[in-house]
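Some structures are shown below for you to check.
Okay, so chain A shows up in both of these, paired with chain B first and chain C after.
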Partner chain A sequence: MAKLNDILSPFTAWKHVVREPVTIKDPLNREAADRYRGFHKNDISECIGCGTCESICQNAAIDLVPVEGVDTKDGDSGLRPRVDYGRCCWCGLCVDVCTTNSLSLSNEYTWVDEDPDSFRFVPGAENKSWDNREKGYKKPGNGYELYNPKREAMEELEPEKRDQSFIEIVQGYSKEQAEQEADRCVECGICVATCPAHMGIPEYIKAIRNDDLNEGLRVLYDTNPLPEICGRICTHKCETVCSVGHHGDPLSIRWLKRYIADQNPAEEYKKILNTENLQPTGKKVAIIGSGPSGLSAAHYLALMGYQCTIYEKLPAAGGMMRFGIPEYRLPYEQLDKDINYILSLGVEIKYNVTIGKDITLEELHNQYDAVFSGTGLHMGRSTRVPGTDHPKVYQAVDLLRDIVLGKEVPVEENIVVIGGGNVAMDITRSLARLQKQKYGKVGVLATSLESEDIMPADREEVIEAREENAVIDPGWGPVEIETEGDKLKGLHVVKCVSVFDENRRFAPKFDEEQKKFFPADMVVESIGQGMDLSYLPEAFKEQLDMDQRGRILVNDDFQTSAGWLFAGGDIIQGPDVIHGIANGHKAAMGIDKYLSEK
Partner chain B sequence: MSKKLLKWNEDRTLFPEKNSEGKIDVDYDSHKFMKIWHGPQHPGITGNMSLELTLLGDEVMDCETHVGYLHRGFEKLMERRKYIQCFPIVCRVAVPEPDFNEYCFASAMEELAGIEVPEAAEWLRTLVLEMSRLQSFLAWIGGQAGSLGQGIIGQWTIYLRDLILDRFEELTGGRIYHMYMLPGGVRGLLPDGFRQRMTENLDEIEKFMKDVKKVMFDNAVFKKRTVGMGVIDPAWINPFGITGPNARAAGVAKDVRKDNPYLKYPELDFEPVVGKDSDIYTRADVRRRDLLMTVDLIRQIMTKIPDKGDIRAKTPNVLHWKVPAGETYSRAECTRGEYGYYMVSDGTEYPRRINVRGPSYTHAVALLEKMIVNANIADVAGLMVSLHTYPPEIER
Partner chain C sequence: MQTIIENLQKHFQVVSYHQQRENLGFLIASKEVAVGLITHLRDYEGFAHLVLLTAVDWIEDEHFQLTYLLHHPEKKVDLGVRVMISRENPEMYSIHHLWEQARTYQRELREMFGINFPGSPDVDKPFILEGWEEIPPYRRDFDTKEYSEKTYFPRPGRETHDPAEYMKKKLYPNE
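Here is the complex of A and B:
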């Protein structure tokens, strides 16, 4: 028998009859919450088309597509994400992982259209009503990161332990450090396009993560036969465009490359790289200069079976890598590790041979099937301000070469270096070390036209130079080197207010009112280098296609108008080791094409 | 019609008679039996699941459950995706209660990788799990009432559930699929004013639940149709793997929050709600009281949840996170009982094996097939809903 209460109690429901309905009258115009994950927005001026959003999307709802008005350039693929709302599940992981924070979701959630194709669109490129909505889902703050934005610190010698010697500063990564740094990579490949050699950067970084360093070495050697060298002194254009660097520290690609090369023993290279049994073609190639382009060309030609002979003017191989870069940045043993492997492939180097003097270009042409020239930029340029003809004014490249050759280098107590590039920093820091050895103190100052923010030297070079007690005082233009007989008094400078004109052409402007005087006993000029093509006979030069500035013109295969002569490296596209390596590689393929068709 | 059929025996446990193979002898040619399909067109709120019923008159003689109408293959999909890419999948394993999937998957990863989640994120996860329980209970209670003819309760509770979905939208950015708990932490702190709005919502829910009690539970019709119906014998609990309110209504106080404390539950004051009679009414009442306890837990959590702090621990890059090799089982107490993820990692970027232990499977297949025999066809939906199962969780 039911209780009376159980019969009456349900009538309580009737009290709600007079209650105001809670139904939303116009649900399409209900504003969503501030964080709502609605339709996509993308600031395409910030986006670099790295494709990380595409790679995280498990629904394959995002494709990277070309967009009108967006060009491919360094650090920007020129592509932009297109979202397909037939696939998107609005999880928002694309927003969380976006390396530039350009992608977000508006809190708009209604979209009516008769055309189903319209629901596949490129946010930011196709105007939508929600583009200017402030509200919506954005990447959370409070340390919320899907990858680590902080770079794994590199251990370096303390300034006080390094400022008297030329021992290597950078210590290199341990296995754990390398794997943690490699873990930060988002595999976007933006770096590959920017690297002149188009190295397989994501692949070798992946090899580190997989602890497969043999595979890493194979990837390195696909495009770069000087990994120990590049792993130390490459200008790492890849890092300047690294997508992780937009909101964090760029990946330490250079040190990771070095880690792979360091961990693979030299005696196993041929086995790992499967170069124990190369098949000779019977053809011979002469290479002038053993710098990065010459060594690179020799390496790839040797792999293809060509007998290569390198003619080197100096008593050791490496070109500017050995005679321009101080040992504290690039130890000779590491340089030799790369070079010796190339020699092990059958490449021969004839040292102390000057082309045009010991052997002529014509003789090379007659003795070999093709010739490659990568003679580099070994001649220092002068500011030509009054006083530069004084005997205590030197060229940086000459001093750096003399240090390597073990010659006695003049070192005064007060030195001024003119220049703000890497060579200027190299000579500044080298002289600082020599001063410390000789006088127990450092008295070197480097000044440049460029202000600190646009100095061409790598940032770490400037920082480390200061740590070693060198003074860097940028933003000044040299006016005159004051001398008094045999003595050099110092350098007069005026303020440089701008270096380039509106067309980015070199056109420095000065404020003559702002003057400074840097006292010095010795001045070193380091404002760039020039090439020495004196080994080319004048008659031959006249036949060769050259530009107005006297540079040899080459085609895409780095072949000159002479046909049998190829050229690359700094004299064509420098000054940069990685450009030289890339040139050498392309030239090797060009020579192979030329000789195959011959 | 035979005389035997007209002869009614009050002891329905004797029927149907089984043959030596343990099956009932069904002779359709005799016209005594009829086979009908119950579902899959949402009878009650049982979703895509369907029952193949053999009836004798209006009495169920046999039942075979069919859960094959989803074909999503969640577990297999996860083996083909990187860990982070599993999250948009896991939250769809139980549509009305996605957060337990997120939590179990994330915590399994964290356990294998040895990652400690920040304090604030732990509290926020606890909050979200209880919010998820609350909205799931509210959706269920409307379904239970509706399956037995009380549509008004569904209208009220769906409204109440919407209030919680509003808070979900505010906190997580999503109403149904929240994607809030990622490995290492959560995706955001409490928005400004959240506590006040949540408190207002909880007050409203508590107020309405008093009317739900009067209209649904203190209702002669509801009692007539549920008291003594669909009894789960406590002896079945372990053999059938019954957990949650279905077990607690039978007097077995199983609750993962107490048995295997996780997140911030040890810092909260609560006792599992337990019933005695184990019938549909008791299970419904246990869930109603559990719902009110969840309201109380959310109030407790809101007094303790921090406004500031890290929300995500440092983890490896999710794009190629190699979870250390090993296996683990991570579990949590959802509205329907024990939810668990058995995760096997072989040390690669992809899970080697994911097995979801959803409470629906144990309750909806073998248990339902056993309980439904001798039920009236009119009570099938009510009985089914009383087990509180979600079909996507059954067919994974």
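Here is the complex of A and C:
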């Protein structure tokens, strides 16, 4: 039986009705302490929507949502964090981890509203009274990062040890170094969109962290069948958008890729990648050129069971990866490791066969179900200044190719290179090595239209070239190569004051008053390469969709208007290895689609 | 501060001493000497006030670190006494007889870290958690996120996006 008290007590509570409440209105309307952690602020123009705040929040209080007026683009997902204050405990971890330092907490902590949903909003995108408040909690400066902002340093050969030979400069990470470096990754995946092949970057970095390098290799081969190569020489656009790079060094994505490839022995690739038994379709594809685009197309086609034959003009495979990029950046052994694996899938290469000369395109069309062309850019462009027709004026790509072919290469004591891109640095540094071998000293100077700050070559290439005693003197326009009979005297230049006009179009302007003369016995031009499409018969070319500049037009599948002909690599997009790889992959899928529908 | 430490070292084995600021230092003492040392600091050196007692879980090193922060009201200096106790047998001698409020700290540590202080009044009584069945929540192997996800239901209307997936959808949907 209920006690009388139990029944009465609810009524005794009534006596409290007239009492003052225990909770009182803040009579002073006091501001919180300076570093109090109140409602969030976010500078949404700095924020890149990496979602690291969301991942760290132990209360799952943050969602990443699209925000009006914020576009998705390279390096920015277009998403912004929305905080659910029903769950937030104001720990401030999201602020501590924010990669751009855009997120902070104001010291505002009082806010009354009857609608619970208003306590869920996107800081910075929905105006709040505390948005401009200085006080509150910010990430405490240096030394408090939750991840290491410093990149694991890479061992390199000293200039004195490398300037006479073509041995590889970059040494590669040890296990400890790779794991330390991988540990800095916040796994946001912002980089994936920027990589032309959209590689699974966070996944393979995670595989390093988990010390599961077989899994790492599988992730690499999903989108890139040349990881030893890309792990060394990729233009690593991904690293330019790495969220960790906003306040620290970006992840060393390229070297981490190399680490995975280096650690997996070639003999085990087929087992790891599960490619020991491929199901043949009975269909055949011809590929012109064994550069990265051709090799990539062959690889993915072979996986799908197509019989691929690559026709290659030169006596070895790899295209510009072998005949352009010098050995000190990409050793042949590593190049061959990637290529031999592709060949082991049943891909055949016919060397020393030039399409358009030894075999016609028409013949390929008749013998195969589809054709992929990745013939690249191999014809050096000339500045066409007076004197360029002299026999002592050379093209960088020709010399680089001859070095690889083991041909006798002209190496004079004083050489001038015209060009400021990576190819110019490659020939400059290669010639410096050959001069050192031949004369015991270096006498090569490279000059470009672009001034130092806008030189297209990678910064480290310029630094390393100088370390090897080459002279880089940028910001000059070539006027004339002075010659005397069969002798070359040197290059006359004038100051280049600007390279592009207001519309970013190439329109160099010069100051004719400022002149210079670079004495030389030999000049090498390295101002870009053009394509040689002479293997396309004239009548065929007329039917093919091409743009005004003579480029073949392709659809999203890298298919030309001829249907059976696909094209990719430098002749379509780039120019770099990873675009070639991505194009080859897409073309392979396009060919599969085309042949399955046929 | 330095004289206090030198004095202390005559009586007790102090493993290390680190002066963080002019008026703040930390020393490490073994579990066995700690209570004696703290008593000495209170009764002979003038550290009359226990500011706080707290713990850190150094899970990788397999121990908990207890910190007794003591204040000297006349000299206006603070001294932290750190004691490492094994994670496997997380037990420490009680100091509730030195400061009444220590029992509250010890109750908290018992609940949040699972560190026991035998003899401390009410040490086993729930402190702020009610009906807690998981491992103590301040232990580093407690998965806060997993717990909050299974315990607190999201309000309807929430949705989130993975940055990489979302960028693919926006920038290269056909690849």
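One rule holds for everything that comes next: the second predicted complex is superposed on the first by the 563 of 598 C-alpha atoms of A that agree within 3 Å, B and C clash if a C-alpha of one lies under 4 Å from a C-alpha of the other, contacts with A are read in each partner's own complex, and residues count from 1 in each chain.
Keep in mind that, in the parts below, a residue touches a chain if its C-beta (ideal position, glycine included) is under 8 Å from a C-beta of that chain, and two chains touch if they have at least 3 such contacts.
None of these values were measured; they are calculated from a predicted model.
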Looking at A:R87, would you say it contacts chain B, chain C, both, or neither? Reply first, second, both or neither. second
Report task. With the two complexes superposed on chain A, say which partner A:H198 touches: chain B (first), chain C (second), both, or neither. Result -> second
Larger residue footprint on chain A, choosing between chain B and chain C, goes to B
**Prompt:** A:S596 contacts which: chain B (first), chain C (second), both, neither?
**Reply:** neither
### First (chain B), second (chain C), both or neither touched by A:Y144
first
> Which holds for A:Q58: it touches chain B only (first), chain C only (second), both, or neither?
Replying inline: both
Q. Which of the two partners, first being chain B and second being chain C, lies in contact with A:L79: first, second, both, or neither?
A. second
Chain A residues contacting chain B in one complex and chain C in the other 58-59
Within the complex, chain B is touched by chain A residues 2-3, 5-7, 9-10, 12-13, 15-16, 22, 32-37, 52, 55-56, 58-59, 89-93, 96-97, 105, 137, 140, 142-148, 183-187, 206, 209
So, in the complex, the side of chain B touching chain A is made of residues 81, 84-89, 152, 156, 159, 166, 169-174, 177, 179, 182, 185, 187-189, 191, 211, 214-216, 218-221, 223-224, 309-312, 314-320, 322
Given the complex, residues on chain C that touch chain A span 144-145, 148-149, 152, 154-155, 157-168, 170-172, 174-175
Within their complex, chain A touches chain C through residues 49-51, 54, 57-60, 62-66, 72-73, 77-79, 84, 86-87, 116-117, 120, 188-190, 192-193, 198, 202, 556, 586
